[in-house]
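The structure under discussion is supplied below as structure tokens; questions concerning it will follow.
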Amino acid sequence: MQTKSLASKPVRFLYSWFLFFIVWLAFTTSFQLPEVLTGLAVSLILAAISYETFTGWGFKGIKLRNMWWSMVYILNFIWLMVKANLNVARIVLTPSLPINPGIVEFETKLTNVYAKMVLANSITLTPGTFTVDVVDNKFYIHWLDVTVTDPHEVYKEIAEPFERILLKIFN
Amino acid sequence: MGLSLNIIDIIVLAIISVALILDFYRFVRGPLASDRVMAADTMTVTTASLLVFLGYLFDRYIYLDIALIYAVLGFIGVIVIARYLEGGV
Amino acid sequence: MKKLISIVFLLYVAYQLFVVFYAVPFGTDEVRSKVGRFYLEHSPKDLHVANTVTSIVVNFRGFDTLGEVTVLFLASTALGSILFRRREVHTRLSHLRTSVEASSIVRVAGRILFPLIVLLGAYVFIHGHLTPGGGFQGGVIIATGFLFLLLAYRQFTVEHRTIMWIESLAGITFAGIGLVGIFVGKTFLENFLGVGRLNDLISGGIIPLIYIAVGFKVAAELTGILDTILSISITVDETENQTEKNG
Amino acid sequence: MEQVLTYLGYILIVIGAIFLFLGGLGIVRLPDIYSRLQAGTKASTLGAMSLILGVGFLNPAWLVKSLVIVIFIALSNPISSHALARGSYRHNIKPWSKEDIDAYRQYLKEEGQKEREEEAKQTENKD
Amino acid sequence: MSTIITILVVIGALVLVAAAVFAVHKRDLVVATVATSVISLVLSLFYFLLQAPDVALTEAAIGVALTTIIFIVTIKNTKRFED
């Protein structure tokens, strides 16, 4: 975890509590008083157990700027995901299977572990690419239709559209 | 069970059944254990969405909980076997 | 020949079973026994419980459930007693659970998803009387969350002393609620609280309390079992390697 | 408004079902485990998300819970496929490749070398 | 019950039997373990269709990871034949 931007313990604790409580409300979808009180108690206990590992940033993560870029990211991601699936559909439905698979690597500029996870999951869910392993800041990608093998080119081809936004959110 | 289905419901159920059969075909054929695990995982996700859809057809809100369990826990079974394959368990 | 005979025999058995079960009108009112009808009528009316199964398991047959929980406790204790010596060897020999570390994505996902899985488990056992599920299911879900952590982090171990405490306290709570039933009313596990309104969180009398206790107990027991067997699976390897090297 | 939501819901449900079907077709047709994982993960994740969201739109009271299910599927499904791909690779299952492009094998070889050296050093120290 | 759901049940039953045969007949025990988890999946779907959500939820919670890990640990400590 990045020690550089670590929030203080009470802030992280409050943040975890808040987040778990919201998830609880989503589970129950009810605003009766007993439900809300039970939710507060349960998320309090859970936050006390797991706040140290759950988050590193605390409320710093919730800024208007970050929210905006997250929105942009999610929309971008959904669009790319739909494109990915149309791509898969095209490949699967073509009788001759036009593929040329291989595993390529690239280096990421991201330092935050959560950002890396988001990037890896996004790569897994978008066109023809699939994260096989992440070691430090090296990504190993299984590519269904390899066009370039040089790490820089691969980076430009696969990771750039995500990372541009992720760098804005996480740094 | 007085279940009234319109044509779209029937088509969707049929498509999902075919998808389940295809997944199961890969499960039976798959030359390697990994192929079979993957087929089972895809079946889990497909079944989770089928459960949500059936819950809608039965019009019972509480039935969503079962799909929720599959959505949240379904991946741990795969991770168990993946960790075993890479020599981790 | 043997196979053919067994297949024919199985088909015959299947046919007979089909004939027998086809004659039974499942799902209609004819098969509902007196007991079943009693449960269906009285569980919403007397106890104000939305989930009839829960009211049967915890209230009408609560003593049975106590026995089941005890069986689970015995099983976990027996496993611990068999594997205890191995565990000791394990803690002495190896500082790491496994040789290969999980990928960093799985580890980070463990951080984020583990609390959410536990929250889902808590939701399931607290709402046992309203939605499907209950103490046992919720406990299993929480134990699965711990399983995820055990798989993702090779240094992670569960503190067995804490688990023992949680387990004992939950068991005492269950039995204690039953005893209060004796003192207040007449029988063990008799309902002594108000029943509330149907479909409220605070309803069903003692059912939610018992389910919370059962949830904690099952979660603690299963987590302990998982931790034990996962440690053992390493220990065998390590001891074998050790003897190979030494011998 | 309700009419619009109903139409939208049904469209999403049908799209989801079709993607689930395509996922099944993909894992049947593609040549090796890694390519199959690609098709299976992407198509089934999007299919499930779309279908569940469609049910949420049909029944606005269910929307929150179906959103929760969708988020969990989007979070957990890629992780499990990633773990499975990594496990399979480390279990010596070679990817099918026309031109033999494989950067990960190189890495594993180097890592294995390093580990062996370290182990040798440790045993030396012990003796 | 509607016809399409009956068809679904029949398909599920066939899958159930096939997976059970698989679990018994395969020499590779990991495959047999995966087969048991498929069986549990289909069983859960059946309980759901028979309007028994409690049982379905129990089957889902137990069958999805807990039985798998116990079998896998057993296989790890004994022997696996790979095919």
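Order of writing sets the chain letters: A, B, C, D and E. Residues in each chain are counted from 1.
Convention: contacts are C-beta pairs under 8 Å (C-beta built on N, C-alpha and C of every residue); 3 or more make two chains touch, one makes a residue touch a chain.
Computed from a prediction, not measured in an experiment: that's the story for all the values here.
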item: Chain labels contacting chain A and also chain C; value: D
item: Between B-E and C-E, the pair with more C-beta contacts; value: B-E
item: Mean-CA-position distance for chain C and chain B (Å); value: 23
item: Between chain D and chain C, distance of the C-alpha-averaged centres to the nearest whole Å; value: 29
item: Mean-CA-position distance for chain D and chain B (Å); value: 14
item: Contacts with 2+ other chains: residues of chain D; value: 25, 37, 45, 61, 65, 68, 72, 75-76, 79, 81-83, 86, 90
item: Sequence positions of chain B contacting 2 or more other chains; value: 20-21, 37, 62-63, 65-66, 68-69, 72-74, 76, 79-81, 83-84, 86-89
item: Chain E: positions in contact with at least two other chains; value: 53, 56-57, 61, 64-65, 69, 73, 76
item: All touching chain pairs, where touch follows the definition stated at the start; value: A-C, A-D, B-C, B-D, B-E, C-D, C-E
item: Residue ranges of chain C in contact with chain B within the complex; value: 98-102, 106, 113, 116-117, 120, 124, 130-133, 141, 144, 147-148, 151-152, 154, 230, 233
item: Of chain D, residues touching chain A in the complex; value: 19, 22, 25-26, 29-32, 34-35, 37-39, 41-43, 45-46, 61, 64-65, 67-68, 74-75, 78-79, 81-82, 85-86, 89, 95-105, 107
item: Chain C-facing residues of chain A, complex; value: 16, 20, 23-24, 27-28, 32, 34-35, 38, 42-43, 46-47, 49-50, 53-54, 113-114, 116-117, 120-121, 131, 133-135
item: Of all residues in chain B, those that touch chain E in their complex; value: 1, 3, 5, 9-10, 13-14, 17, 20-21, 24, 27-28, 33, 36-37, 40, 43-44, 47, 50-51, 54, 58, 60, 62-63, 65-66, 69-70, 73-74, 76-77, 80-81, 84, 89
item: Residues of chain E that touch chain B when the two form their complex; value: 1-2, 4-5, 7-8, 11, 15, 18-19, 22, 28, 30-31, 33-35, 37-38, 41, 44-45, 48-49, 51, 53, 56-57, 60-61, 64-65, 68-69, 72-73, 75-76, 82
